[in-house]
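For reference, the structures are reproduced in the following blocks.
One chain, chain A, links the two complexes that follow: it is found with chain B in the first and with chain C in the second.
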Partner chain A sequence: MELNQFVENFAAQFDDTDASVFTPETKFRELDEWSSLIALSIIAMVDEEYDVVLKGDDIRSAVTIQELFERVVALK
Partner chain B sequence: MAYIKAISYYLPSRVVSNEELVAEFPEWTVDKIASKVGVDERHVAASDETATDMAIKAAEKLFEGRSDIQKESVDFVILCTQSPDYILPTSACIVQSRLGLRTDIGAFDFNLGCSGYVYGLAIAKGLVVGGIARCVLLLTAETYNKHLHPRDKGNRTIFGDAATATIISNEGFAEIKDFVLGTDGTGAENLIVKSGAMRFPNRSEEVSFDENGNPHSADYLYMNGAEIFSFTQQNVPKVVKETLLKNNIEQDDIDLYVFHQANKYMLNFLRKKLKIAEDKFFVNMAKVGNTVSNSIPIALCDAKQQGVLRGNVLLSGFGVGYSWGGVMLHIK
Partner chain C sequence: MNYNPFSLSGKTILVTGASSGIGRSIAVECSKMGAHVVITGRNEERLAETQSMLFGDGHISISADIAEEQQVESLVEQLPVLDGVVHCAGVGVRKPAQAIKKSDIDFVFAPNVIAPILLQKHLLKKKRIAKSASIVFIASRAPFAPAVGNAVYSASKGAIIGYAKTLGLELAPKQIRVNCICPAMVWTDLIRRDAETIGESFAEAEARYPLKRFGQPEDVAYLSIYLLSDASQWMTGSCIDITGGGELTLV
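And then the complex of A and B:
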């Protein structure tokens, strides 16, 4: 599993935030477009791309995209 | 054997459009969210209209439309609601009297949400097959909008109020086949109205707002969307597979899947995960929203009207509790 690809997949869930904004260090909950519905998209994306079931808590306890990536790796 | 003989539904007259929500929440992208969840408008019960009132209207519609269904033949009433008129007595008893049903019949409520219709069919089938009743009136009625904080824009976009009436008897158009039911109370906190019953009898009168400006209060419905999504993602595919197994049938031999209409986004995700073709998967929430225990019977009613309710139909309801269920119908 590759971090940059994960960041790209993460960014693809957003419609209005430019892809260039997203880096491993991005604090995703601080983004204007972040919403509970995008959280669902992230859970769906992680299931489809990585075959991992994330809990709401996994998303809540991660601050950056990289931290979430590491959680997905740990659950894989 | 037990069959569904007839289904009808009632929607309250007040319609809340997306435009109305946009006007109320100008800072919010209502249109974008509404298109993702697949709801254009939802019906909302009037302040003096309760779930019991609506259940009675749904039942009256059923009796008016069908000469072969007489009030006098109903010998059991079960009502699924999480918005009862009173803590006690049971709303189904009030329904018996207001509908003018016989007094030598059974009547009770059961408290379930999105899984409620499947459970209602299970109870009704048990009553009919067990020889306890011959004509069961299964009612679902819900006014979740009364549980929502006025500033809860997300849930106000999703939920609609409605009531439905179904007759289950020893003859009808849809044979009720085998069930799979499930429960996991560890999810209770993720979809809850905390105050107002005996654990927290007094209203807290406190509201806090989260990072997205959504109100959180023990006095109103709280839904942890991400946890609920995670729960359905894990459970619904399992329920579907177990229901197929129980009915000894292959996935391809199902002609129509009718799931609880939670939201379009979740339904599409589940459909893709289960590899179900779009034309075999019924989605109809644009005009009604998520109507909780009413969503499956409304969908069945609309599918029947559209002529797509045929062959083997797999129903699945899932949600608050957590509680879930699956059943197969065979349409004659």
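And then the complex of A and C:
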């Protein structure tokens, strides 16, 4: 599993936030566009692409995209 | 005076999805109101738990996965003639529209829509529904109170409401009544799992309800008792909301 690919998949769930904003260090819940709908989209993307079922708490306890990536790796 | 128009004494009532949540509560409360209850569900162990909670004698427990048509047929073969049916089995998923897969639709529609329609067909074909019986579908407020990620579940409940209204019309000549109950959020395993998925405790949502709480399974069971009893004999084709006042919001 590759971090940069994960960041790209993560960014793809957003419509209005420029792709250049997304790095492993991005604090995603601070983004203006972040919403409960996007959280559900992230859960669905991780299920589809990585075959890992995240829970809401996994998203809430991660601050950066990299931290969420590490959670997905741990659950894989 | 022994006056009780809501009694279910002497009635035989089938409850699907009785191994947990609202179905379990309906089975238990119906037994307390004097009904002979036939419970069915997928999970044998939890179904046995429900059976141990029933009051009185003469109850029947048949484990079956009603999403499998063969199991439906064998279930119906084993059933006595029924004075009431509560279609309660159901599941949900939370996904935004753009992430919905065919497998999600199949997962939700199999127990929520296809199974009750086919079960009802076999019950009618095998003449297991008594004249003047009452059929209740546990639908949902979801089709009228959209929540993000709830599209597939909402669509399934909208579908069963449409089906139930037609069934009511077709069965009216036999005085068989068909009604839906549309609850807002009720504390069951389904909702607890949902809360885990979206990572919310639902405490804030609950506080927004005018009566300051989500429903308990018993709240829905008591309304089911009304619809199953002779007290509601002029009701058919209706959808009754039960919401704690939270009519425009689910969560």
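In this text, the second predicted complex is superposed on the first by the 76 of 76 C-alpha atoms of A that agree within 3 Å, B and C clash if a C-alpha of one lies under 4 Å from a C-alpha of the other, contacts with A are read in each partner's own complex, and residues count from 1 in each chain.
Convention: a contact is a pair of C-beta atoms (placed from the backbone, for glycine too) under 8 Å apart; a residue touches a chain by one contact, two chains touch by 3 or more.
Quantities reported herein were computed from a predicted structural model and do not represent experimental measurements.
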State whether A:R29 touches chain B only (first), chain C only (second), both chains, or neither. first
Using the touch definition from the top, say if A:A44 reaches chain B (first), chain C (second), both or neither. both
With both complexes superposed on chain A, which partner does A:M1 reach: first (chain B), second (chain C), both or neither? neither
When the two structures are overlaid on chain A, which partner does A:A19 contact: first (chain B), second (chain C), both, or neither? neither
Counting touched residues of chain A, say whether chain B or chain C comes out ahead. B
Determine where on chain A the residues touched by chain B overlap those touched by chain C, and list them. 36-37, 39-41, 43-44, 48, 55-57, 59-60
Contact set on chain C toward chain A in their complex: 94-96, 98-99, 101, 148-149, 195-200
Listed in rising order, chain A residues that touch chain C in their complex are 36-37, 39-41, 43-45, 48, 55-60
List the residues on chain A that touch chain B in their complex, please. 15, 29, 34-37, 39-41, 43-44, 47-48, 53-57, 59-60
Contact footprint of chain A on chain B as seen in their complex: 32-33, 36-37, 154, 190, 211-212, 214, 224-227, 229-230, 233-234, 265-266, 269, 272-273
